[in-house]
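So that you can tell them apart, the chains are marked A, B, C and D in the order they are listed, and the count of residues begins at 1 in each.
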Amino acid sequence: MSLLLTGATVIDGVSDKGIDGRAILIENGRIVAIDRPDELPAPAETLDFSGKFIIPGLMNANVHLLVNVLFETLVRYEGRYEDLIVEAAQVALKSGMTTVFDTWGPRRALMAARDRIDQGAVPGSRIRCAGNIIGFDGPFSDDFDRRIPGVGSSHFVDRVNAAWVENVGRQLMWLTPEEVGKEVRTYLERGVDFLKYASNEHGGAAAGAFIQFSERTQRVIVEEAHRAGLTAQAHTSSVEGLRLAIEAGCDLVQHANTTGPTEIPRETLELFAGKDCGAVVFPLTDNGFKVLKESISDHEWTMWKAADANARNLAASGASILLANDGGIFAPEVLNEPMIKGTWNGLPEDEALGRLATGHFVWLRAMEEKGMSPMALLHAATRNIAKAYQVDDDLGTLEAGKIADLVVLDEDPLQSAKNYQSIHAVIKDGTVVDLDALPQQRLLTAGLPPALEEEAHYKRALHHGARLPGCPSCVKGNH
Amino acid sequence: MSLLLTGATVIDGVSDKGIDGRAILIENGRIVAIDRPDELPAPAETLDFSGKFIIPGLMNANVHLLVNVLFETLVRYEGRYEDLIVEAAQVALKSGMTTVFDTWGPRRALMAARDRIDQGAVPGSRIRCAGNIIGFDGPFSDDFDRRIPGVGSSHFVDRVNAAWVENVGRQLMWLTPEEVGKEVRTYLERGVDFLKYASNEHGGAAAGAFIQFSERTQRVIVEEAHRAGLTAQAHTSSVEGLRLAIEAGCDLVQHANTTGPTEIPRETLELFAGKDCGAVVFPLTDNGFKVLKESISDHEWTMWKAADANARNLAASGASILLANDGGIFAPEVLNEPMIKGTWNGLPEDEALGRLATGHFVWLRAMEEKGMSPMALLHAATRNIAKAYQVDDDLGTLEAGKIADLVVLDEDPLQSAKNYQSIHAVIKDGTVVDLDALPQQRLLTAGLPPALEEEAHYKRALHHGARLPGCPSCVKGNH
Amino acid sequence: MSLLLTGATVIDGVSDKGIDGRAILIENGRIVAIDRPDELPAPAETLDFSGKFIIPGLMNANVHLLVNVLFETLVRYEGRYEDLIVEAAQVALKSGMTTVFDTWGPRRALMAARDRIDQGAVPGSRIRCAGNIIGFDGPFSDDFDRRIPGVGSSHFVDRVNAAWVENVGRQLMWLTPEEVGKEVRTYLERGVDFLKYASNEHGGAAAGAFIQFSERTQRVIVEEAHRAGLTAQAHTSSVEGLRLAIEAGCDLVQHANTTGPTEIPRETLELFAGKDCGAVVFPLTDNGFKVLKESISDHEWTMWKAADANARNLAASGASILLANDGGIFAPEVLNEPMIKGTWNGLPEDEALGRLATGHFVWLRAMEEKGMSPMALLHAATRNIAKAYQVDDDLGTLEAGKIADLVVLDEDPLQSAKNYQSIHAVIKDGTVVDLDALPQQRLLTAGLPPALEEEAHYKRALHHGARLPGCPSCVKGNH
Amino acid sequence: MSLLLTGATVIDGVSDKGIDGRAILIENGRIVAIDRPDELPAPAETLDFSGKFIIPGLMNANVHLLVNVLFETLVRYEGRYEDLIVEAAQVALKSGMTTVFDTWGPRRALMAARDRIDQGAVPGSRIRCAGNIIGFDGPFSDDFDRRIPGVGSSHFVDRVNAAWVENVGRQLMWLTPEEVGKEVRTYLERGVDFLKYASNEHGGAAAGAFIQFSERTQRVIVEEAHRAGLTAQAHTSSVEGLRLAIEAGCDLVQHANTTGPTEIPRETLELFAGKDCGAVVFPLTDNGFKVLKESISDHEWTMWKAADANARNLAASGASILLANDGGIFAPEVLNEPMIKGTWNGLPEDEALGRLATGHFVWLRAMEEKGMSPMALLHAATRNIAKAYQVDDDLGTLEAGKIADLVVLDEDPLQSAKNYQSIHAVIKDGTVVDLDALPQQRLLTAGLPPALEEEAHYKRALHHGARLPGCPSCVKGNH
């Protein structure tokens, strides 16, 4: 069965501008040719996209399809994590992302969702996944939420941590490089698509400053990935953690612009190009920065400022920049929670980088503000990612022979980054996606249920921590 | 339809010993006559219980059909609390308890389960329920588990607390007696079967020593119950809290033997009989005490010793003693949890008073050890409870006109308290219960699922709180 | 030796206005006569206070001369609590208070300071003290700061708690009224000047809503005080706690206007006059309220509003109003501490009721705003207190035969409450106090030492709780 | 002035056994000659030590003269840390240690104590000190006790942390190697005697598994020390942290046998000799291990077992072994504290390695058990340390020209390690120390004061965390 897309300006990700007067012929899920319509054979079906703009399917170099790892959520959906992941993959697809790279999550459920989508059993963004970040402990641990052990039952706490961590958690830090290599090899054999490891710790201990693995161990880990034919990447959060990761041979590094209060030195900026290492950046918009500043400490602000300078410097350095945002879906009770104020998730919808449905649009606007050219933005969202992940034979540009993943926009993305939001249609594997039907099952994307009648009666007149009026000994925190 | 039970020794709870040679005729769910078989009309069906012993259906004056209010459990079963309650009511029935009084739980779910059972839609022990204990905050509060607010989402924490508390929580402590009375009236109108209020606090603040309501407020609360035609009872845990409750006019008091480190004074012991107030006691067996002693502090031991002396003194005082045990079902992950060591639930199965399925047997053995006569034990488990709860027109003894709730035992309960466990059959509302079919749906009574393969890989080599070998500054608790 | 004070307007606290043309003759520490100068014998010394205003020495019905019971302070000054108390008594005297009633503190140190001042060994406000509040646990406990046990050594924690509590702590709640009476008797024999007990809990458990002792126990406690010839008072913080205390026979009640979110009902307002019970109120100024509102929760604000309404209603009710403020001295590191924001101590200096040196002036301005007459204000600060504490034979007014405690003001206090601050001289026991010399030894009133050179180097770039920029799992509180 | 020591067996640390018939001639604090008495000039004074054994003054490669950094202690002795350090140096001297290397403490106070002792103003063990461990935060931080910020005032918490950390704390982890080098240089200029840095984190975050500084940063730090003419050493606690430190060029590494649950691989064992790096080990005696096992978790036990195997393997590997023990003095309230159970300090006196007064004797017995020869033990306690710290021109053996630091023993240390405890006399800088006079001022070595009378009255009947008897919801930890 063949499909012909006509009438649109084609921005193929290869040429240096959009091209008019060309049609795209698709057969069996792949692009057969891009040419003048009259040069092409008659297709079974033709879609006229006159006045539209066709770009390669968007990609995201770092999502977490199951990011909402609060204790409550993981209890509520126990046994259904795969469903949550499918829901997220459908939200991603609806938002123009035909391929997403999940860089941390429960391996087994991620692979199951990946396979269902690959097999066409359910629609969804193409998932490629890493499972655990080598070296991290699970969701209910010092690496993520240290309050849960003791509050949750040992049974459940251990079970969840095990599902995320398996044999490649914090205990690897005790081992020799060779022993670490062996554990990594075992893990990779379970079928993940690429490898991610921790060059820096996650942040619970020292806001991300500790080094998780020595230089030698990092080299061994990367070698194991390459030996298995997989790409390797690192979680980094300090200038030394970043440098170690590039020197260890990583194919890309995550949130390369996150380096604490210190800006990346020139020498390291140059390493990216020299070592052909993809640079994922997590930028905020100018307005997002302004909002954030009001709710964080001076020290945290210093870190954010350095992250912003790094994003600009990386973009200007010639490094291959990749779009990503830790994108995920948060339960409605989280987004309504006072405790997220002052966090990434506390930003207003329009500036919230981490939302799976919209964060990539924020990314594009933010990097446009920081001076990236229209074509560089497109590359960051498509072919740079394909190349870094070594899937550029199939994905990342509109070229004959590649998988027919593409997005049809109403407005010209090369005119303004905000036009990426004007999604008219999404075609994945050569098929038009029924966007209105996504997500098929609303779990985390459903709203909160209505309040109970009992809630109106329940007045928390004596809530936790209330203090007696006028008691001089009632300094905050005593009770 | 009529049913005749023949051949058994009938211990009717009225006579001072078991009577042989009598049959029990049941029609339309009620006992029509107890007489020599040849004096009775021919029934539709006859059951021969030769060599067995028939006693009134057992009752329990204090259960919590949904006691396992751990955060994890309440998340997992959100929307299905009614099912958990039905499961528990079926466990109770299977264990010989034809009527249970639930003295704390989610009102709406309890009433729904009660009604389904009353209507015969599902089998189960007859439930009579109080909903919240007037004055207590919800499961996720200082009264029960103060760690949850902040760990759980505000949305869920408030929702659960509201479902338990409605308008009769801690905030009542701020009000005048008249204002409290008004709130209580509103609450009683929602359809609970009896009223329970807090004379002492629950224990989170001062191990139960604080007084929750003034004497005047307590009187007003009891009056509201009586005005509504309901019985009133109090949660008490100190000698003054106990005295206040009896003087306020309570029909019974819960765990009357729990009074901190101080034994109940003679004057108060005498109040029970003088005021015709039922005395619920929570006893441990001698062996249970021995086991417990090893895992609790000296101070806690002092409290347990006083509780034991109180149980003996109450039994000897002429007070009407009621069997009860806060009986409930605990999730398997709780019963496998190291953190229950040193608690009521940490006792070995045979001595664990609080288990719904077996705790009443522990109670009977324990009070037998403390010197109660065989007939006094039977009364404590049946007619004393019926009388205190003012349901003795229908329940509590085997007499013509009463509801046909009865238990058939293989062994003589007047010989030894342990014989109550020899349940041969249970008849409720005149119908033989299919014990093997209970519980119909295993939720909390199901075992733990098998371990995941991932769990074998996950070695918690760096668990929360591990300390560096030999670090002099690593005093416990620093990290 | 005799002293004659001439020229001033004398506001004696008995007459309904100030009287000109009278002189006060003092001999041996007492007022011998107040009369026209020419009617009086020639004194050894004459002081001309022309144009000034003489009022009785100010009193404070509730101070805590050692209120700064932070762990750090009690470690630093171990063994020198008496010195801290003397320092505070000197600050009080300097501020016009010739007598203060310390209603909670370390008994032994308070009595030692009291005796040194009574004997003239050091200058200072006359101290009368209660020691512990019967029923309260110590400074390092759930009643005050529950974080300290486990952080401080058991040795020190127990030692401090013991010094405050002795035999009259929380454990009394377990006892029968008679047993409580016996413990109280033992405590009173140690030499305190009056008795204070807890009708409500202190606030750590339920913001002050629990009842600490039953009505019967409260009566027994008050009787013990009266039998010992001492006055009795209660700590109250709910409408029922307040009512119980008055009905138990208290001579005065503390912070009678603090009753949670509920205003005192009319019936209880009338009890004050009916039972001749002094009403201590803790008012804030209008401006203080405005500032406070910005930093507290809605629920706490509800409590403050009720406290304000109560203050107004009590003043209008005919109750005998007493000035008091929990006055104490806070260490400079506390007053510079971010964590006091949103507390009583976080108010700006001019509106901070709880400061020992100035809080009584805030009180007078606040109650003037709430409509008390100039003469009522004076009585609240002097003779009402003397009467409630039953020391009015000696103190509270300027009358022949009374102790010569008086304050000379530059401005007329009957014109405006703020004129109480215009202290020209203080005479105690007939002697002019050298105000400039007070306090003689600066401990808590000393400023902070200058910063160390090391502090400039120490940049807390990785402070406790900093979060990684842009981490979606870094919800507040996880780490 | 000259002094001649005669009659003893001289174990000089150079010869392979003790030598009889030699006398030691001392002049001006140094050894002039060791020879047959008749070969030596007549001294001013002669001390006959017939039957005794003379060894070089003992050294300790790792003490913390102010190790008791509990909040309470640092408050109590604020401004007197120097006195605590002098007290500890006197305890060390009394125990035969003529030189100690303090590897973590408050720089300014340590240097002041060091100088007072060097100048002869007070007696004491010769102190050489490092100040902070480069990279560590202060005593009241995540690195040591994370509970204190918020409990202590910001003022004091910052002040103490600053005194320990200055400009070389955790924030260095954010910097580039060159920037770290610059900060280190500044710190070394303040006058410390050697440099210590963190190769692994201290243990609060991941029990010591994280890497604190990258390999490149570690090399820069070591170079800075060497450039300043100082030795460099590292705090290590994992096999990779250990390897990095040796490869970075450290002159010695601390607690080299502490490597979590993993034993040091052969390759790294060989690095010690190859790189001429001193190996400090912290061993326990067999009996100490037995006691410890009972109070720690299985996981912690795994770590201790590896530490033990490492100690044996290091001793057998040809590495230069150094005696050390983190020796310090603990306040009496700490040693009486239940919370030290299960820690290094909870061991019985005889097996407690960390006590300053006796731990080195434990070390010698422990390593004797593990197979070190008598002479190797002596070298570990003397000349190996001198060599590693590059003070072997002056210290470590008994040779002409060296400082006359020596210990006279009653029993032969080459017969049994326990004989090191038989101290007869200590000579430092050529002068006999008056051991009975040490320590001159008892601060931390004083016992607890007697209990107050109040303590007898204070019964903690309602202590923090007590639970209501028999409450099924009272799972441990809820309150």
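Please note the rule applied: a residue touches a chain if its C-beta (ideal position, glycine included) is under 8 Å from a C-beta of that chain, and two chains touch if they have at least 3 such contacts.
Quick caveat, the model's predicted, so the values are computed rather than measured.
> Do chain C and chain D face each other with the same patch, meaning over half of the contact numbers show up on both, or with different patches?
On the two sides of the chain D and chain C interface, the residue numbers are mostly the same, over half being shared.
> Where the centre means the average of the CA atoms, what chain is farthest from chain D?
Here the answer is chain B, farthest from chain D.
> Could you please state the distance in Å, as a whole number, between where the Cα atoms of chain A are centred and where those of chain D are centred?
The answer is 49 Å.
> Hey, how far is the Cα centre of chain A from the one of chain C, in Å?
Spacing between the chain centres: roughly 60 Å.
> Using mean CA coordinates as chain centres, what's the gap between chain A and chain B in Å?
The separation of the two C-alpha centroids amounts to 51 Å.
> Can you list every residue of chain D that touches 2 or more other chains, as numbers and ranges?
Where chain D meets two or more other chains at a single residue, that happens at 70, 142, 146-147, 150, 170-171, 173-174, 204, 206, 209, 260-261, 334, 337, 339, 460-463, 477.
> Flag every residue of chain B that touches chain A in the complex, lowest number first.
On the chain B side, the touching residues are 70-72, 75-76, 78, 108, 137-138, 141-142, 146-156, 158-159, 161-163, 165-167, 169-171, 173-174, 331-334, 336-339, 448, 451-452, 454-455, 457-464.
> In their complex, what parts of chain A are in touch with chain D?
Those residues of chain A that touch chain D are 142, 150, 170-171, 173-177, 179, 201, 204-206, 209-217, 238-241, 243-244, 259-262, 265, 477.
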